[in-house]
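Note that chain A is present in both complexes that follow, paired respectively with chain B and with chain C.
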Partner chain A sequence: MTAPAVRTRRTSPAREALLGYSLLVPAFVVLGVFAYYPLYRLVHYALYRPNRFATREVYVGPSNISDVLGGDEFLDGLWITVKYVLYTVPTGLVLGLLLALAAHRHLRGIKVYQAIFSSTVATSVAVAAIVFFGLVNPEIGKFGDVEFISLARAESALRGVALTSIWQNIGLTFVIVLAGLQAVPDAVIEAARVDGFGPVRRLFRVTLPLISPTLLFLVVILLIFGFQAFAPMELLTNGGPARSTETLVFKIFRRQGPAQISEGAVMALGLFGLTFLVTLLQLTLLNRRVHYGD
Partner chain B sequence: MAGVTFQGVTKRFGETTAVDALDLEIFDREFLVLLGPSGCGKSTALRMIAGLDEPTEGTIRIGDEVVNGVDPRDRDIAMVFQSYALYPHMTVFKNIEAPLVTRPMSVDGGPPRKLTKEERQVRVKEAAATLGLEPYLDRKPGALSGGQRQRVALARAIVRRPRVFLMDEPLSNLDAKLRTQTRVELVDLWRRLETTFVYVTHDQVEAMTMATRVAIIAEGRLQQVGRPQDVYEHPANLFVARFIGSPPMNTFDAVVRPGDGGLVAKVGGALVPLPADAGAVVDQEVVVGARPEHLEVHPDGQLDGIVRTVEVLGHELHVICEVAGHLLIVRQPSDRPAPTVGASVRLRPDPAHLHLFDAATGERLG
Partner chain C sequence: MATDRTRGVPPVVRNAGWYVLLTALSLLVLYPVWMTIVRAISEPFVYIQEGQPFFPVAVDWGVFGTAWADGAMGRSMLLTTAVVAVITVAQLVTSTLAAYSFAYLRFPFKNVLFVLLIATLLLPIEVTLLTNVRTIRELEWLNSFQGLTGPFLASAFGIFLLRQGFLGVPSELRDAARLDGFGHLAFLRKVALPVNRPIVGSFVLITALGAWNNYLWPRAAVTEERWETIQVALRRISVARPERFNVGVAAAIVASIPILVLLVVFQKQIIRGLTAGAVKG
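The block that comes next holds the complex of A and B.
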């Protein structure tokens, strides 16, 4: 008796490839419409400038890019953005970390505090801005006369705005650091206690190195948030006083008219490049010092 | 070097009592094993010696010093955790060095002081050599096997020459072969270090093979302390009798009756003669215990049974018989013929090795 013929359906490599690509189509469509096409338009805007009567576009090319990126407006916006990042990222990170360390305990009712600390995650920028407007507004604010964060002075307005962002992002930082802390095995901390590490040494020699991947992630996220900050300025100061809170994204947003859109597009490309570079730099530099477990 | 004393120690976590009025003296330089099923409170007892948990009541002494409220770092103990709890971001060298970095220590009998870098290096190398870890000093724990990690944990414990070693199920993450080997090495280490070892396990084989004395704990209470052989031969109660020994002791309900020339236990319809020192009274309800090696298949046996299974282990056989609704295990040498499954057999307990327990309290009689 012969064995019954086994019918197998062999898929040819070509068929497999076809299947693969067809499964990718939805992703490509979404990315194409919302990412690649806008990027193409951005580059187009950056290279062409409409003529005075907006009747046709003139190729202005790389000279436009170098003019804008080297211009005062861009550099000014960049400097304000960098200051804003310096105000928000380190403070936000440290505060979120401290809160998470304080709330990472086996105490009765600690969940209530954990919920309170993380609540700002669910708060919209608009709500946060209104809350802080009520606090730091020069006329009605409870802390309106505190010069260090006064929105009325060009020297301090950015710090006032930064305070809003710090407050708003603290919930996110708190939640993520807390999750990182909870992933550290209790036994390792106990081993450190038996080994004679005091609380400070335990924090810096054991806990922080063990949650360093979480911290790296947060630094990257917070930096990107910082570089892209727009809403708090729009809502709190509208860029003022004396344009002292005009970050790059704010300046880009303001350049929508036909005469300015090309300049705005170049600025956007510049910001894109910067964010990209900073993130890349961070990942390579910090990766050497970050411990990812085994 | 020092012993450890528990005096009326109770530990409660909210409503649950993990350790209940524990009185136990652990002698200087002994290898004491805290043995019990999981959740019995043995790890809590160990953690209280370490200072990782504080007793709710009672006092704990290390040597002559009461250590209640003393920080773990000031107790002069070292602990090996079940998960090893190595610092994953540090090299093996740094891991072993960790207990030496901050703690002042006495050098050559002098007053305690912090060790210099060179002194630390010497000690780390010494500990690493003891455990065969020299080739791995620059690696991180992630690049080591389970057995090697376990050695690093041991090295980190011995490097600081503590008064007491505490070990919380240190072998449970190793495979069977490595476990047997490490058992031998641990006992060897204990002999060389001449220090007190307190070792927690749920594995009675580890307890029997390594301990100088075993403390058996169940539901937070100490059941019995003694040399492994004594505990095996004279279990203090039914729990210990059933917990120690593999396969476990056979037990069956019986009533004590007067017989020819002594007392007998009436098991179902059978009469089993009891040893003279059984310590039971007539009509007392008891539980009779017989270890598998103290039962034999014999034509003159008192107990009628049916063979259910025969397990062949190579050096011996386990004949599992059903007697009056109970399954009894008979251990016999493999050179004796194995009974066929399903056959009716008679079992004879060795009267000299019967154990008798009070049916109501479970306590040993006689």
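The block that comes next holds the complex of A and C.
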């Protein structure tokens, strides 16, 4: 269904091309300065290390990249990031699904419940972190002495921090799953009911498979949010205790000075790789699913 | 959903179980918000002495005024509003132009350029943070309006979204516009944009929300208090001073009000924007 391009009588192909390129200029200038160029500079800093006063740079070569990616700092940050994702993504997904399944029905006043469940979509990370500071901070938090989520202990602090993201993502997760559920035709569910499927079998054999693309989309979003989380750590624990909540982005943020930017740049490239992998995974799964449906 | 067993029973009673479950879940979601409000308006000394109650004690509404004045929130919120306005308008303009070009015009290397554009979705500010900070430092844009807005003046997401919308304009409309002798600008203004008003509206709202709530970039691009956007200012007002946390959470509540108003007024558009691409992947 490729519709013909809109053309006026006078536009020649050359003029059309010229117009086409000129309309792209503003966007590509911005992306050039703030996306492509910084990527190039990341690679540069990965290979050249500035001295402490940034007066000159020393070539450190590809060995710097393997040193950092194989080093304790990066691997620590990676592991903490992965743990953060493990704490936030499955919980978030299940919560969102639960809320959406509960609120996807014809009831008087259901819109009120839907509005409540989606209310956290507009909450900023900083506000969410402040809300949970009041709940889990060891000194002033109501649940500050609950061991499982205690911010005062290295073993549990990351779980306490994760509550912020879990709660903040509830709204988004809910609206996305609900949109998925609403796109399932009622007739399909009704047919399964007529075929004698009970509620549990309907859920696992009909509804969930039908909304699986939506769930996949959601998992990818939550994974990327998890990889990129920064404010909850900075505001709740500032990376501590014993650096147990220093995720990759937190470590990158702390490496702005000339002495550390080389290490930070490699870490940022590592984060880039991680995001890339997740996106690749999504595309692969989506393709498989399309063939499956034939 | 009436079965034989429940026919004739009023729906509210028949569905009592669902109402109980939904109400319980609502309380769970709202609990952190409630506790935050209680902490803000309760007198902190009584509050700490008697343990943390579920209901406010010795209520003091003046805390919001204190937060506003102490935290210099007015200045910060004004600055943030200006940042949000510039980012939103700029993204709308740059995205519309580029999306129009990709959707309707023919030129060599179009597909290559489009792939190059989409690839920037893999370069979020978290990845490019260090070198972007270096760039604005070298431009002497640290603590400046240009520094706060620069990286967000264009977005691949916006171009992609609007291009999809433009491609969806029915070809009959395009033919009609051509017959009427519409040039590109007229077609964009009188057909392509108006037809896509819902998409444009959602995009504008999502962009504005994101810009208001952004934390990492303004945190890195600003070193002076007077250039702090509201989210960054909240850090200074709240968690940096746990002894006056009631003022801090009051500030967080005040900072959320504009966003809550937006959410209440434009709930449908915002949710449509957030779920774009989620269904029928």
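Criterion: the second predicted complex is superposed on the first by the 265 of 294 C-alpha atoms of A that agree within 3 Å, B and C clash if a C-alpha of one lies under 4 Å from a C-alpha of the other, contacts with A are read in each partner's own complex, and residues count from 1 in each chain.
Criterion: a residue touches a chain if its C-beta (ideal position, glycine included) is under 8 Å from a C-beta of that chain, and two chains touch if they have at least 3 such contacts.
Treat the numbers as computed from the prediction; the structure is a model and nothing was measured.
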- request: Give one of first, second, both or neither to describe whether A:T279 is in contact with chain B, with chain C, with both, or with none.
  value: second
Field: Partner chain in contact with A:A126 - chain B first, chain C second, else both or neither
entry: second
Task: Considering only touches as defined above, state whether A:T91 meets chain B (first), chain C (second), both or neither.
output: neither
Touching partner for A:V206 - first (chain B), second (chain C), both, neither: first
Query: Now for A:Q256: first (chain B), second (chain C), both, or neither, which partner does it touch?
result: second
Field: Of chain C and chain B, partner touching more chain A residues
entry: C
- request: Give every residue of chain C touching chain A within the complex, in rising order.
  value: 1, 11-12, 15, 18-19, 21-23, 25-26, 29-30, 32-33, 35-36, 39, 48, 52, 93-95, 97-98, 100-102, 104-108, 110, 113, 117, 120-124, 126-135, 150-151, 153-154, 156, 159, 167, 171, 174, 177-178, 181-184, 187, 209, 212-213, 215-216, 219-220, 231-232, 234-235, 238-239, 242, 245, 248-249, 252, 255-256, 259-260, 262-263, 267, 270-271, 274-275, 277-281
Field: Complex contacts: residues of chain A adjacent to chain C
entry: 3-9, 13, 16-17, 19-21, 23-24, 26-31, 33-39, 41-42, 45, 98-99, 102-103, 105-108, 110, 113, 115-127, 129-135, 137, 139-140, 142, 167, 170, 172, 175-176, 179-180, 183, 213-214, 216-218, 224, 227-228, 230-231, 234-236, 249, 252-253, 255-256, 261, 264-265, 268-269, 271-272, 275-276, 279, 286
Message: Residue numbers of chain A touching chain B in their complex, please.
response: 185, 187-188, 190-198, 201, 205-206, 209-210, 212, 291, 293-294
- request: Mind listing the chain B positions that touch chain A in their complex?
  value: 50-52, 71-73, 77-79, 81-83, 85-89, 98-99, 101-103, 140-143, 156
